[in-house]
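Chain IDs A, B, C, D and E follow the sequence of writing; residue 1 opens each chain.
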Amino acid sequence: MKYHKIFKNRKESIGSPPGSLVHIGRKKTDKAVISLMRYNETELSETVPDDINSALIEKQADYVNWINIDGLHDIELINRTGTLFNIHPLLLEDILNTTILPKIDIIDDQMLLILKMISWDEKSGSIESEQVSFILGKDYLISFQEKPGDLFDPVRARLRNCLGKIRKKGNDYLFYALIDIIIDNYMAVTDTLSERIDNLEDEVLKNPVSEHTTALHDLRKELLYLRKITMPLKEIANNIKREETDLISEDTLVFFNDVSDHVIQVVEFIDVFREILSGVYDTYTSTISNRMNSVMKVLTLIATIFIPLTFIAGIYGMNFSYMPELSVKWAYFAVLLVMLIIGVSMLVFFKKKKWL
Amino acid sequence: MKYHKIFKNRKESIGSPPGSLVHIGRKKTDKAVISLMRYNETELSETVPDDINSALIEKQADYVNWINIDGLHDIELINRTGTLFNIHPLLLEDILNTTILPKIDIIDDQMLLILKMISWDEKSGSIESEQVSFILGKDYLISFQEKPGDLFDPVRARLRNCLGKIRKKGNDYLFYALIDIIIDNYMAVTDTLSERIDNLEDEVLKNPVSEHTTALHDLRKELLYLRKITMPLKEIANNIKREETDLISEDTLVFFNDVSDHVIQVVEFIDVFREILSGVYDTYTSTISNRMNSVMKVLTLIATIFIPLTFIAGIYGMNFSYMPELSVKWAYFAVLLVMLIIGVSMLVFFKKKKWL
Amino acid sequence: MKYHKIFKNRKESIGSPPGSLVHIGRKKTDKAVISLMRYNETELSETVPDDINSALIEKQADYVNWINIDGLHDIELINRTGTLFNIHPLLLEDILNTTILPKIDIIDDQMLLILKMISWDEKSGSIESEQVSFILGKDYLISFQEKPGDLFDPVRARLRNCLGKIRKKGNDYLFYALIDIIIDNYMAVTDTLSERIDNLEDEVLKNPVSEHTTALHDLRKELLYLRKITMPLKEIANNIKREETDLISEDTLVFFNDVSDHVIQVVEFIDVFREILSGVYDTYTSTISNRMNSVMKVLTLIATIFIPLTFIAGIYGMNFSYMPELSVKWAYFAVLLVMLIIGVSMLVFFKKKKWL
Amino acid sequence: MKYHKIFKNRKESIGSPPGSLVHIGRKKTDKAVISLMRYNETELSETVPDDINSALIEKQADYVNWINIDGLHDIELINRTGTLFNIHPLLLEDILNTTILPKIDIIDDQMLLILKMISWDEKSGSIESEQVSFILGKDYLISFQEKPGDLFDPVRARLRNCLGKIRKKGNDYLFYALIDIIIDNYMAVTDTLSERIDNLEDEVLKNPVSEHTTALHDLRKELLYLRKITMPLKEIANNIKREETDLISEDTLVFFNDVSDHVIQVVEFIDVFREILSGVYDTYTSTISNRMNSVMKVLTLIATIFIPLTFIAGIYGMNFSYMPELSVKWAYFAVLLVMLIIGVSMLVFFKKKKWL
Amino acid sequence: MKYHKIFKNRKESIGSPPGSLVHIGRKKTDKAVISLMRYNETELSETVPDDINSALIEKQADYVNWINIDGLHDIELINRTGTLFNIHPLLLEDILNTTILPKIDIIDDQMLLILKMISWDEKSGSIESEQVSFILGKDYLISFQEKPGDLFDPVRARLRNCLGKIRKKGNDYLFYALIDIIIDNYMAVTDTLSERIDNLEDEVLKNPVSEHTTALHDLRKELLYLRKITMPLKEIANNIKREETDLISEDTLVFFNDVSDHVIQVVEFIDVFREILSGVYDTYTSTISNRMNSVMKVLTLIATIFIPLTFIAGIYGMNFSYMPELSVKWAYFAVLLVMLIIGVSMLVFFKKKKWL
């Protein structure tokens, strides 16, 4: 993952008035799609209005109104949504800026929550992320996604099938249910990462090769990224609990406790994974270096044994006219024997010193 | 220990309604077993009811009622227990999820405590853990274990034999007594780990070999795991003390102080062990590298002494027709002497430079 | 960036009375320039008074009065500004000392804010910084810069063109708008740094060379510097929010929340970059060392194969008069064959051991 | 110091009722000895009662009664002391457990303080520690030591000689005086450690040898141990000051401030020592490696110079029948000259490259 | 700097009654010198009384009385000062103990402040420190120095010359002015250190040599020492601000804010310097190792090229009676050519592999 991509297009907006709406991020879909689910315990209607205006008209006060908008690049649409639903310009600006870290903000009677929806991309072997924002109002919940997707389909199914207590509860519970899905995906990604780390660890302990350096580096970066977008969630969960707001009922708060627990678990595991990776790196380094050392030792030993022997051969290769040993009949075999003795005793010596 | 095992089966539950009961973990026993101990200062009855329903019926208000359930895979049973004892769905969900970190939660008039029961598995040389959960109610205590075991037998014996003051006290003291046993096991495991570290340290200081890399890595991981499941206990002990709950009497709180002290001791020791291990690793690395270096130095020295000598022999092995030295009678011995002198002076030089 | 430059000229001022005005820093411009913008929702006037005195006279109570002073070396001017606007001597001293870290101070009814304005200098490949100070009073805002620049031009343009709500708001909003520009520049610099780190990372992963050591060192220092001047901003943003001051209206405080969020993002990214750099350094070290090792291994292997062969050749180069093999006709070819076999089997052995 | 010793005998007590008295630790003396000092400003009596019972009888309400018990293995005696002085079972359990970290506990009207008394054992070159516990009651102070010793003799002397204001003050001041002695010993041990570190540092900077690895490791462990038993003291000193207890008078609290300052100094110095040790370790590693490198470089240089020369000699040692140079009269000397030139120019080249 | 010096002479005082006056430290001057400055806005008198008694007599209630005592070894004098000015024994003990870390203490109506006055000793290349203590009373300020010096001369000059507002203010402002001088010296020392680090960094980046190890080690220790004596100042400055004391007026407190800012800056810079040093160390290590590696690589390459060639020469040096090549006329030149080809192709191969 390229980190400078996250900051892309920032420079252009320096000095523009705060609250000016610029979409910072990649354009991920062609046309923004609006969908509205309106339900209470007994009734449920689904529509796909052409415009946010018709969505506002269809909204009814004693129902839960869930408006989902796919596609952040349609600034015009986001802008009209802001005007119609009285959303503070700074909140709108944040929704459009996909480089932002997760945050929560309450201005007047609206709560803004920005999260990263993550998934593991098997092809690139890295974490894919998409920004999801929520505006929780008195009787409505607006969710913004970068591109259309089936992320929230399980909740839609539960709504349609009256599964669980979701139809009996308000928009705060819907809000929780959607967040819960996102956090569950964090756990799934952490799960995938832990498998990867386990596999890498096994490989490194069995047979470390130089490619593992890059693999370790990549995993470390994924963990860093995951940590960066998870850490703020702890604070956010606390804020929701502490904040004295009418938007979330006493009853639903218990469920946010649960979200908070899940987030803490993810953060805890990330920290453990980081420590494991750093341990794997240490093990990798010292195993590689141990193995290298023993190879070099054996090679050097071979040279060390033959160099003195070659020297002896060299002596009797000299052409001095008077070298008495040369004419002795058994001298050649004696020298061979001496060489053998020297070679073997060096071997024995090295063996005894445990150098071999 | 494989870390991805801890997260296993998570993915399947994404999007399911919160509070949906899924048992996440290995199935550790065949049939769930319920046992009920009902006692006060003078009376004690033990039964093994077939079903949780009969346990509820046998429960009596002015006795301490301790219901122990072995086997979390019987979701049906856990579900009925939840309904009969009015346990909040989120609490039930946590009890079934054996991948969860230790936690405490109070909803309405019930306290949920989830702990890891650990023991040292000599065969695999790693920490074995099992999840134990408690639901503390007004006049009852329900304990859940993954598999049947003799973990709580010492407390059962004390109850039967009227040992200590346990029979004179309420279910909060029973709660404490059971936790105390679990924490004592933490200390035993820490003890085992400290012995292992001591032994490894001795071995490394005496004679570091490459297998120690893996041993260090494994111990480090066990400490990481132990730390991860112990850290939350500190917070939990504080919560119990701070929490304004009628479930635990003033009198029993003093004993939770003691539990808190024990937990802090374990955490302190784990941190010390981590630092010792990191020190052992440093010592291992530098000893290995020192030893390797001195071996290579000696080997290189041998080569360095003989290479120049071989060169001299090479010179007099040349076949030039006019090499005046060759015909001198004592030249051969002179050359041998020169070689000896060169060899010895190199040795002396190296010795003096402390390279040898 | 030389760190001792930051402290330059400090020594001279030891023991001088507190509040004595000394300009600590480089003289960055020739003549100090004063400019005054006076506006409300309907009117706007711009003047460039010769002296601070005329600026004071032109100031009007029911307008926003923004006095901008370029050039801190004109101590006389700063001194007169202090006297005319009743600025506490300690505040004045801080404004002049360009080695100071960002800080906020409220004395009586004036708020002093000192920031570093940073930009990326492509030529030197390092962060350039300039000190910017603000004195926020009841109906005026004085800004001090080290040298004239177009930093605040976007705000001036918005004021002239009535863009955004800036003309409808007070001097506190102007104060925010100016700070916002500065913080936007922090993000731009962080962006540049992230690109640099990305590039360096790519290069190191592809082909680490020794120049990367210096590049890593330099980037690390830039991050350290950026971190040092950003860290206090978090605290400063909090102070503004907490401080019970009439200088900033309830309404504008929301915008300072936004500044605070931006600062936190920058700090977060800096920390991530630091970790990435340290990961890149690790990868660099182990890649370099792996590559070096494999080179040395191959070289040593070549020597190891030929040294024993040379020894065999040496044996048959000896001049003993009785060496039966020498006269055997096929002996030479036999020896060559033996050498080949030895050489090949060593190769095969090394290959099998994966040393090659 | 073996860390598993500290945990010894723990396992046996798992599941025993809390407050059950087991002495965990080595048996350090044969018979427990009780001594009683009873004094006020004018009178002082010293007795060595056979039993704790007689000590209780001799105790008088308007005197300071200091009961000192040497020998924790006499469980029977400790038990009776507990009963006679109404000490809470959990406090008694802690007094007997010598593996516990320093702690303070106030139950009802008694304060328990557990400290480690440390001294430097010159023979083993490590810290020796003994557990000292205090029970501070309304008009008495009971001190427990593992073995008899002269630790408190200076205080006894001051009591007998009416030195200082100790006789004019209550048992809280006596309590302080005894703690003060113990903390003074911490400083003495820190002093010894600092001398050791200084010496080791000097040696390492002058001439690092492989034994220093072990020395560094040992010192690091002693510091770890010292830190572990000192850290809790900070918290303890704070607790004494904060705790609203009548046991310590306003007047004496000032002196506990002083104890707190001393403890902080010890902790500060330990932290500095740890950093110095880690710096020494770095210096050791890089010096060793630098030295090793330069040795290997010289050795390799020698080989590198002679190997090409040997090759030249080898060429003219070949036995081709037609080698024109061989028969040239001055060829031999020419070759020798060429070899000299090659050798010298390699030397010059290496010298110029600063490789030599 | 030897750290055990700081603790020197500690051991002797174990067990002595608290508040017993022992001078711990080097005797730095021969005779203690007392000087008294008494002034208000209009008058100023300077005397050098023989004894502290006359100083007390000359002291007048509606003046600022500044008594400066040079020389802590005159215990008798310090003792009398304590008695005459009602200084608590524990404060007096601290003043005499020059091994103590900076601290602040308020007992009754006196404030004790202990600081380290530091300066850079160019000769030893290390920080020199001297202890300075202040007793701030209702209408007097007593300052204690280890040896006479011109440290406070700038303040004396300002007093004599009526510079600044110092004559118009009370003894609390004098107190501030003296502290301010000391802190200014911290900045000067930090400045010197930063220059040193910059220079070392430049040298290391240009040409790292083994002496830099020691230089890095020394600088690291100086920073450690500086950090240790600066860290408590932050807390001290906060204490002064928080403390509800009449000794320091509302008006002067603003100036202590300034002191606090300066201290924070010093601490910040020390932390940055520590990180830079650790970065320099990393760069040093990897540059040294890179350079070493490339040297070894070249050397090994030379050997690797010549060893196979020498082997070929060895083959034709063998004395077999039947070696057909030997008698071929152009064989010698063919072999030379083959050698050249082998040599050159190895060079090309190594060049291509970028090993050269």
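Methods note: a residue touches a chain if its C-beta (ideal position, glycine included) is under 8 Å from a C-beta of that chain, and two chains touch if they have at least 3 such contacts.
Note that this is a predicted model, so its numbers are computed, not measured.
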Q: Quick one: how many steps at least from subunit A to subunit E, stepping chain to touching chain?
A: 2
Q) Any idea how many Å lie between the Cα centroids of subunit A and subunit B? A) 26
Q. Could you say which residues in subunit E touch two or more other chains, in rising order?
A. 289, 296, 300, 303, 307, 310, 314, 317-319, 323
Q: Quick one: what's the order of chains around the ring if we set off from subunit C and go to subunit E first?
A: C, E, D, B, A
**Q.** subunit D residues within the subunit B interface of the complex
**A.** 2-4, 6-8, 10-11, 13-20, 88, 90, 100-101, 103, 105, 107, 210, 213-214, 216-217, 220-221, 224-225, 228, 281, 284-285, 288-289, 292, 295-296, 299-300, 302-303, 306-307, 309-310, 313-314, 316-319, 323, 325-327, 329-332, 335-336, 339
Q | Sites on subunit D touched by subunit E in the complex | A | 153-155, 158, 163-166, 176-177, 180-181, 184-185, 187-188, 190-191, 194-195, 197-198, 205, 254-255, 257-258, 261, 264-265, 268-269, 272-273, 275-276, 279-280, 282-283, 286-287, 289-291, 293, 296-297, 300-301, 303-304, 307-308, 310-311, 314-315, 317-323, 353, 355
